[in-house]
Amino acid sequence: MKVNINADIGESYGKFVMGNDDELMTMIGSANIACGMHAGDPTIMVRTVRLALDNQVSIGAHPGFNDLWGFGRRQIRMRPLDLEYLVTYQIGALQALAGSQGAKVTHVKPHGALNNMAHDDIDYALAIGRGIKAADPDLIYVANAGSRMTEAGAQLDLRVANEAYVDRRYDDTGKMLSRERGNAMIVDPEMAAKQVIGIVEQGAITSVTGRKIPANVHTLCIHGDEPTAVPVMRAVRAGLAKAGIEIVPLPAMFN
Amino acid sequence: MKVNINADIGESYGKFVMGNDDELMTMIGSANIACGMHAGDPTIMVRTVRLALDNQVSIGAHPGFNDLWGFGRRQIRMRPLDLEYLVTYQIGALQALAGSQGAKVTHVKPHGALNNMAHDDIDYALAIGRGIKAADPDLIYVANAGSRMTEAGAQLDLRVANEAYVDRRYDDTGKMLSRERGNAMIVDPEMAAKQVIGIVEQGAITSVTGRKIPANVHTLCIHGDEPTAVPVMRAVRAGLAKAGIEIVPLPAMFN
Amino acid sequence: MKVNINADIGESYGKFVMGNDDELMTMIGSANIACGMHAGDPTIMVRTVRLALDNQVSIGAHPGFNDLWGFGRRQIRMRPLDLEYLVTYQIGALQALAGSQGAKVTHVKPHGALNNMAHDDIDYALAIGRGIKAADPDLIYVANAGSRMTEAGAQLDLRVANEAYVDRRYDDTGKMLSRERGNAMIVDPEMAAKQVIGIVEQGAITSVTGRKIPANVHTLCIHGDEPTAVPVMRAVRAGLAKAGIEIVPLPAMFN
Amino acid sequence: MKVNINADIGESYGKFVMGNDDELMTMIGSANIACGMHAGDPTIMVRTVRLALDNQVSIGAHPGFNDLWGFGRRQIRMRPLDLEYLVTYQIGALQALAGSQGAKVTHVKPHGALNNMAHDDIDYALAIGRGIKAADPDLIYVANAGSRMTEAGAQLDLRVANEAYVDRRYDDTGKMLSRERGNAMIVDPEMAAKQVIGIVEQGAITSVTGRKIPANVHTLCIHGDEPTAVPVMRAVRAGLAKAGIEIVPLPAMFN
């Protein structure tokens, strides 16, 4: 058995340091690398690509809105065509910088508010998908399980990686609990480990009420900016090892 | 006989319109396309690529400093390594967007203050060269004839296109007259045509005093933002046609 | 009888030229000056302030979203508190630059998508109002007649200038026709003049069906970026002169 | 006896956190607050103003180049007039936000590469001075002792605060040792305290060779981003208290 764990990495910008990339990179299977619009800059992108290579972590683009101040977390209404090209732009920039280090971009995961909007908005989900396909039709589109993005990816004949979260709780319909609720995040490392193993072994997400929602999950995301990220990942890795489940780079999930 | 004419194109930004791309694109052999840092945005880049395809004009990246306010014309001192990656970033973004339209980026010409600084600064010239090579070693590095950029290109085993100007006068050492001097620009269309034909037929630039400076020029740049650009190019095209000299895309100069 | 005409001015940015400020400034009573976020830069702000002074035009801040690419026309969801401070920031920057030229900022009009969102969203309308009041409680809040902004201004004890448009048609509820409809804009100069005079003389807006909607309008906005702006304003000025209605700076509407 | 200690504060940006403002603010007399160009944003500016008020710390603007990526540390060549207006813009923005909290901006200190360039370049030093004077002629211009900025301030009839560093060593001409030299920074808290007390009591800077260079220093800068800043400031405060020297807000140095 195998599973992929992904995290957002390379979200520093110039002198502004964000996250704990060095430690997180040793614990995951795939890195979503910021591409200069909500965070990241060319130098940090190269540094992050090298760090991924050193840790045999597969590389994805993490395109976001062009909004440094909002860190890509402010919803922006734009024409889908502009969005499509903005996505290709960011992937292309990372492809060239990754290529310069002998690495290849193999997946794309939308960032922040863009990801949230595309979850429910088919126009955004399709624009992102077309932007991905234009850059490389072999790229894997990482999409929240059950979102419009999975639909868009299918429609565009892209490989779609269904995503769930290591550290978020789910309701009976398979949706994440809103962050406005106190119990949305799983901060207890053992419970996070249990959730991940459950998803892999049972092919289902277990809701807060104990209901099983069948889900073919390829990848689990860990929020690297949470203070509990490192202890949570340690427990998840230990739990997976014990259960005989291997953490693999994302493309290996499609072999 | 053949020659290439290049111009800076695609320097609008969002709702801000710059230049006269539609007309200029019908008159040149190669377009230097802004990549989002000093001008240009993903949507304009796609539009410009399509316009180049429609006119059989070859496509180049036109990387500049990340300085919209200064339009890339303010000198910025930065670490050569940051510059190298900034160049690759911009080329990569254009490569992906061009690729999405079935086009290929075949040359790179630095923009504005970056071009001016690299003219004399070997660290900048080399950083740009490494940034080009990292994106694609077959890219042609467009460099002012006699600059440190030609040296850097040679050192890095890149193809270098020596560049002169359609509409600038030269001194006896082969340098352009400073724009602070009243006669730096050639605004008379016939004189511009004469200069271009002279350079192609004689393999030499003629200075203001009449001196011939041998120069192996592959490409001549026209300043698209000059009010005289269109009449100048009309005269140049007519003159070249009469002299039996063909305007070709830049890669054809290396066949 | 008197009325104010306002227009958005100073929306160039660095080398990027936008609009026809020199001509428009001779025709209006008040200028809404961009403050560097969606357009405008410090140098253009000073130039625009001087142009306003030369033409006895009163000066207003025209704060927008921090979005040069979208020219402030993309809707951005942000925290009202961040918006409030963003508004004060922009007003303060203009106050200092205006002050350096011996001029005073006397009104504020939100730009583009910010204006559109605040039309219906009381949280945005109040955040803008608080941002205005923090900068100077004597500033006039320019607000679409009937919008939540007029409500917010009243709640905050600000002077509110009710605004209608020189060149937009209205429906029977007093709302502007959507720009998606072909007849939303009035492009005929005589019809625009008639609309303005009707609003001033009758204290009412006349809808497309001929219905009169009572409205206490202090200021009428002309879209400077429309190709018909100059001929429209010429007809409006001629019509107002003939009807004995004076165009005055905005503060004079509150005397 | 009294002295001012200043530090750069409020250099976070959106979600990007920089520095240790909460602790540093309790230790200094004056804060140089970033104004949104190299760092800082409207929300952070307000937060920082409040923190200064809570700690009876006087407030200054810290204008920098418009260069988030470079954190204002890249030298940018621009027209002095553009620089002048850019400085007024930033001061004005802070004045309005400070005013909204009942606080007043009383000094201005240029940031990073702008400060370095103005040290030696009279055109930049004067442009900054004119930009300050335009915003408020009572503002204190903080200038490295012996720089062209002190000259520019005097020429413009501004109050100039001569500045030395808590944590930098000086050569026999009164210049700071280059940061390229290993011993440029004073990391030992006791030595820093000794340097500060020596400057206050003797009216002279002591060079690395022991030479006394007379200097009328109004304010000493502590680099808040150095890892040793907090222990250094603790020792400086203890040393000053023991020597009976009071740390005061900058305006108090001119009473």
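Order as written gives the chain letters A, B, C and D; numbering starts at 1 within each chain.
Here is the rule we use: contacts are C-beta pairs under 8 Å (C-beta built on N, C-alpha and C of every residue); 3 or more make two chains touch, one makes a residue touch a chain.
Note that the structure is predicted; figures quoted are calculated from it, not measured.
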| item | value |
| --- | --- |
| Contacts common to chain A and chain C (chain labels) | B, D |
| C-D compared against B-D, more contacting pairs | C-D |
| Rounded Å distance between chain B and chain D, as computed from the means of their C-alpha atoms | 43 |
| Whole-Å gap between the CA centroids of chain C and chain D | 40 |
| Chain D, residues touching no fewer than two other chains | 69-70 |
| Touch list for chain B against partner chain A, complex | 36, 42-43, 45-46, 81-82, 85-86, 88-97, 99-100, 134-135 |
| Sites on chain D touched by chain A in the complex | 12-18, 41, 68-71, 73 |
| Residue numbers on chain A that touch chain C, as the complex places them | 66-67, 69-70, 74-78, 113 |
